[in-house]
Amino acid sequence: MSATFQAGSTPDKGLHPEKLSVGIVGGTGYTGVELIRLLCRHPGVSVDVLTSRTEAGTPVAQMFPSLRGLTNLAFSAGTTDSLAKCDVVFFATPHGVAMKQARELLAHGVKIIDLAADFRLKDTAQFERWYGMPHDCPDLLAESVYGLPEINREAIRGARIIGNPGCYPTTVQLGLLPLLKQQAQSKNPLMQLNQLIVDAKSGVSGAGRKAETGLLFSEASDNFKAYGVKGHRHHPEITQGLNQILGSHKQFEQLVFVPHLVPMIRGMLSTIYVTLTEQGQNVDWQQQFEDYYRDEPFVDVMPWGSLPETRSVRGSNTLRIALQRQESSSVLIVLVVQDNLVKGAAGQAVQNMNLMAGFPESMGLEIVPLLP
Amino acid sequence: MSATFQAGSTPDKGLHPEKLSVGIVGGTGYTGVELIRLLCRHPGVSVDVLTSRTEAGTPVAQMFPSLRGLTNLAFSAGTTDSLAKCDVVFFATPHGVAMKQARELLAHGVKIIDLAADFRLKDTAQFERWYGMPHDCPDLLAESVYGLPEINREAIRGARIIGNPGCYPTTVQLGLLPLLKQQAQSKNPLMQLNQLIVDAKSGVSGAGRKAETGLLFSEASDNFKAYGVKGHRHHPEITQGLNQILGSHKQFEQLVFVPHLVPMIRGMLSTIYVTLTEQGQNVDWQQQFEDYYRDEPFVDVMPWGSLPETRSVRGSNTLRIALQRQESSSVLIVLVVQDNLVKGAAGQAVQNMNLMAGFPESMGLEIVPLLP
Amino acid sequence: MSATFQAGSTPDKGLHPEKLSVGIVGGTGYTGVELIRLLCRHPGVSVDVLTSRTEAGTPVAQMFPSLRGLTNLAFSAGTTDSLAKCDVVFFATPHGVAMKQARELLAHGVKIIDLAADFRLKDTAQFERWYGMPHDCPDLLAESVYGLPEINREAIRGARIIGNPGCYPTTVQLGLLPLLKQQAQSKNPLMQLNQLIVDAKSGVSGAGRKAETGLLFSEASDNFKAYGVKGHRHHPEITQGLNQILGSHKQFEQLVFVPHLVPMIRGMLSTIYVTLTEQGQNVDWQQQFEDYYRDEPFVDVMPWGSLPETRSVRGSNTLRIALQRQESSSVLIVLVVQDNLVKGAAGQAVQNMNLMAGFPESMGLEIVPLLP
Amino acid sequence: MSATFQAGSTPDKGLHPEKLSVGIVGGTGYTGVELIRLLCRHPGVSVDVLTSRTEAGTPVAQMFPSLRGLTNLAFSAGTTDSLAKCDVVFFATPHGVAMKQARELLAHGVKIIDLAADFRLKDTAQFERWYGMPHDCPDLLAESVYGLPEINREAIRGARIIGNPGCYPTTVQLGLLPLLKQQAQSKNPLMQLNQLIVDAKSGVSGAGRKAETGLLFSEASDNFKAYGVKGHRHHPEITQGLNQILGSHKQFEQLVFVPHLVPMIRGMLSTIYVTLTEQGQNVDWQQQFEDYYRDEPFVDVMPWGSLPETRSVRGSNTLRIALQRQESSSVLIVLVVQDNLVKGAAGQAVQNMNLMAGFPESMGLEIVPLLP
């Protein structure tokens, strides 16, 4: 399997030479356990290392009884030595961890997929501003690829480092991609770039497995609120992504982004309001979106006027989009749903891994959503 | 008590002459039982008649055990005779019921508060279009008063018929009232009227106590979706209300309104996006809102940048508003929360009744929100 | 594939001769859609017929958008002709439907798995008492096999008709099986048979996809209650099952069974209180249970004193058991969890189908539970 | 008001001489904020001191926006001086705090109501075993009164220190009180004391407002589990309470108690299984319970066979009981519901305060449950 990786001078990768050897740094959070859920049945990989500073020695199935009988993996302290033997290492850690270990692992021929934000924002000043720390390795950041396969598929195949997108940014970029691609090719504007509004809603697992009062059942249940209105870290990531799609016409500077917290475990819905110009109103956007995404394995364009529900993708890597306009309005309403832990995090990371390893892109991700 | 009502030729109102005699038509739904919750402890009223076509004879506490020990009321078939003896009759019925009974009750000197939509839309063509039936009594509709006390307090005091506002329209109108009042007085526009976007979210009780598959626990729990995007009945009510505030400058024609369903029982949050003009950006809206609502008993303007939660008003008649602008954005974000069954329905109806009866406006509504 | 079924005089079974041809009668309920979830990725079967009286013509993915892209199946009216071409037909229907169609389908060589109660209670008088209808085919009932693989595996392999167990009975029988097997072999009593208490709790999906007021989100959420205390249909099924395990010593006559409704979608936990005799207290029950279930693919005996959570089996066919005794108490506490829609219904039905078809027992059921 | 308290040598109590002056130590938890909810509208008291080590200086309405506009109280560090001026001080603190401050406050004539466990278990060895600390003031413990008004009403009126009962113990004691009273007077046993089983279920708020992983929304939602099966602190409190009712015949030594966690915020349901003797089976328990509780303001005996729901008491101080027996069974099933934060904690504490202060027992507690 390692052959796929053109490992060069590191000929003897992996404990299971026939399988891709995988390590997960920080497996005690929700993206970590979700990676394990997806990878423990993935036919092409073997999870060989699973690290946790606090839980070294604990069998993962003891912490997550849902995994009893499925894996004998135990958390380890996670030395560089053990990780260096892997073909791919996922970082399901807090921000700032991956960038500290990246250079050494790369030197051993390990490929890196970071589910935190270390390799998302290309502008180190932006990174420092929003994450409160300087970037450790601007050169690696420059080399890294933003892991949104529907946009960067080819670059991902050849990448050594992937910055796995944030959950909100995934919905907004994929919800606007066909539109912005048209916009980029059009002589005249199709939408008013300074009028874009994203009203986003996420289940509570998006906040991670952190013991914070505000995330308690008795606080978050039977309740609804906006949060992060003053400024959310996904805001600059969204702007960067949209402007990258637009190309030279970087004009998203007034993008409004308001996230809300929904009393459900998984699921994310973004309601995107696009003010179309008169020319934009004459485009058949439904057709555009269907054409654009026809061959994408994980993007589902629903019929015009559909009302996607988050539960329709629960546990799966599918993202669904529906379009609508209200009578006499120039606003195109784009509704996007995904499972924030799958397409919004761990599933997308596995999709990236599949691309990097030369596997079929859907391998291990053919999961039927759990409904009801 | 009836004296307050200038009962005229109907001298012998009420079974409890010292209290306002109240009837509730259709007490088996959520707004009905909420009216009972509020009125069974209201010091100024006596609930004397409670009707239900299907449950005649059943003690209300048998259907709603939460009321055991609090009331001996039983549902009755609800003859006009019994209702005609009341001072005030609330209609907590499906749309179209109140307008059929209104004329006869008025003739007996009964005042009417309709919690359905019969007396909300002033334009009968609009009513017919959105509710699928012709209006029975356009003259009474013309006479009726839209029961939003913060806007129509004086008219409510003298009204015979109240159209109690819809839940969403209450949040949007109160969330924009100080702004539109300013706009109405300003020579130059303060906001772009054709750019207004309302992204609203409601708990499931807003759909009523109807046995529909989509409202089942197993369908609505752990899920989030938009609904009614093609067109929601509260849309024209919102537009009418906002244009009424604006006065002669009726310009809301492109208002976008997208409601969503939140997996919680009670609670509503509307996120309103107002694109300010340059002049509008120079107004101190926080000050404007605080000044405008200073003396309102049920509107709470929170500090700039606050994040109101629906649970902060659970069970109470309070509506909370918070304002915010994101860096470099011309958009004023207005966040409004209320309990959809209280300020959004039954509580507002009692507030209206208090005004009509000459009671203190907060009488019976001094409820501390239930948190957690 | 049909060869496995020794189809005899019905040589031309199935539209996909290489796969088992499957029909589902009544696919619009929760057990129906759960069967589709499990079978649409099952490598050995092809779902060829899916019937619904009310939804004939509707693509199943239109009713359940979670299945978009996974199946092109549409509901059909479900003639006997089309069903007769299947190898196996599942009935995910209300009680009383399967027994009306069974004889004709059997005549065509079709095997039947009924997820309703028609083939659960062997005593037709009991059936009539609890289900309010006479039994249509006592001879087929006598032939049918109760589909609890851990008890009747061999009989299931050769069966033509399976009565798939109720959800509660599955937890109670598997929670007591090793104990009752010991009891049956012991000269002296190990437990007091007239003291058995089962306090059971189920998620709301157990009630099915029925538009009933009591199952509404606004009624069932943030609430807890017992139900069916006067008498639940699973009560006689449990008694029958336990007595069958005990063999000739049928002594469960005072079994107390109290089900409760939990505000969650899926999941079931039964807390079983077994009063041990002095001899019974000296048995190492943990060892007994572990030994008994060592080779069972879907029964997990957790370490002594564990606290199984329903979410640890969400979406999977695993049932977990934990044992405990409180200090100085003679009562053995047996905690059993399962997903009521999988091991408690559709998953167990597929497990039965696998046995009948000669497939590996876990085929298509290797699902990692969805947590969180 | 202080006159009621015969304050003796402390003549100058309270900032509002006409009202009972109240202090709350530890107002940031759920029982604390619930006390504020109940007391800020209580006509007989003035909350004058509210302490929190961590939040001194913060207005309580900033931490709990549900209280905005209802109170100007701010948390203070809570010196003994300020508390000593109160008539009554509630401790809504972790276990072990009240017993450290009790002696000094008593010396100033302050009465104490402890909502933690310091004054619940009369046996100091038991206290030390279950709470992991020695008792600071056994003499005060001996003097203190267990604050269950339905059992100790007269003693509460004259008490200086109240140990407010735990939530589970309240349901079990009140669920069995009429039965044990009969038992205590009967020559022959009416029930088998060594067969008592309590299967109890609580909403998540019962665990307090603690930032623990297991209490997160994403962990506790859509899930059900038993907990504390090895031993729960309320177990000895229940045994003590039941034996006290029984009087000299202390025989509850094998009581089985299994608590479970329900994904709801508030509410508690205990299902109690009482094995009746033949004599006990001939008693009309429904009549016994109704007679016993006829005059109790907060205990509601529902009709035989009723199914009490936790939401029927949401936010109120009422506890509801229903009885049932299954066909041919000797087991009396007692179902008890309460709001764990009201009758199970803060409401009962206010009920105790009312008794101590000579107020009407229901003062400030006449709250209609919030349903839906």
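To keep things simple, chains are lettered A, B, C and D as they appear, and every chain counts its residues starting from 1.
By our rule, a residue touches a chain if its C-beta (ideal position, glycine included) is under 8 Å from a C-beta of that chain, and two chains touch if they have at least 3 such contacts.
Being a predicted model, the structure only gives us computed values, none of them experimental.
*Asks:* Please identify which chain has its centre, taken as the mean of its CA atoms, farthest from the centre of chain C.
*Replies:* Most distant chain from chain C: B.
*Asks:* Looking only at C-beta pairs in contact, point me to the busier pair out of A-C and B-C.
*Replies:* A-C
*Asks:* Cα centroid separation between chain B and chain C, in whole Å?
*Replies:* Chain centres of chain B and chain C, defined by C-alpha means, are spaced 47 Å apart.
*Asks:* Can you compute the centre-to-centre distance for chain A and chain B, using the mean CA position of each chain? Integer Å is fine.
*Replies:* Centre separation, chain A to chain B: 41 Å.
*Asks:* Would you kindly tell me how far, in whole Å, the mean C-alpha position of chain C lies from that of chain A?
*Replies:* 38
*Asks:* Can you pull out the residues of chain C that are in contact with at least two other chains?
*Replies:* In chain C, 30, 203, 205, 209, 218-219, 221-222, 263-266, 308-309, 311, 314, 372 touch at least two other chains.
*Asks:* Mind listing the chain B positions that touch chain C in their complex?
*Replies:* For this pair, the touching residues of chain B are 30, 203-205, 209-213, 215-222, 263-265.
*Asks:* In the complex, go through chain D and note every residue touching chain C.
*Replies:* Residues 194-195, 197, 199, 201, 203, 218-219, 221-227, 229-231, 235, 253-254, 256-258, 260, 262-267, 269, 271, 273, 275, 305, 307-311, 314, 324, 326-331, 333, 335, 337, 372 of chain D touch chain C in their complex.
*Asks:* Can you check the complex and tell me which residues of chain C touch chain A?
*Replies:* 30, 33, 37, 40-41, 64-70, 205, 209, 221-222, 265-266, 300, 302, 306, 308-309, 311-316, 318, 320, 341, 366, 368-372
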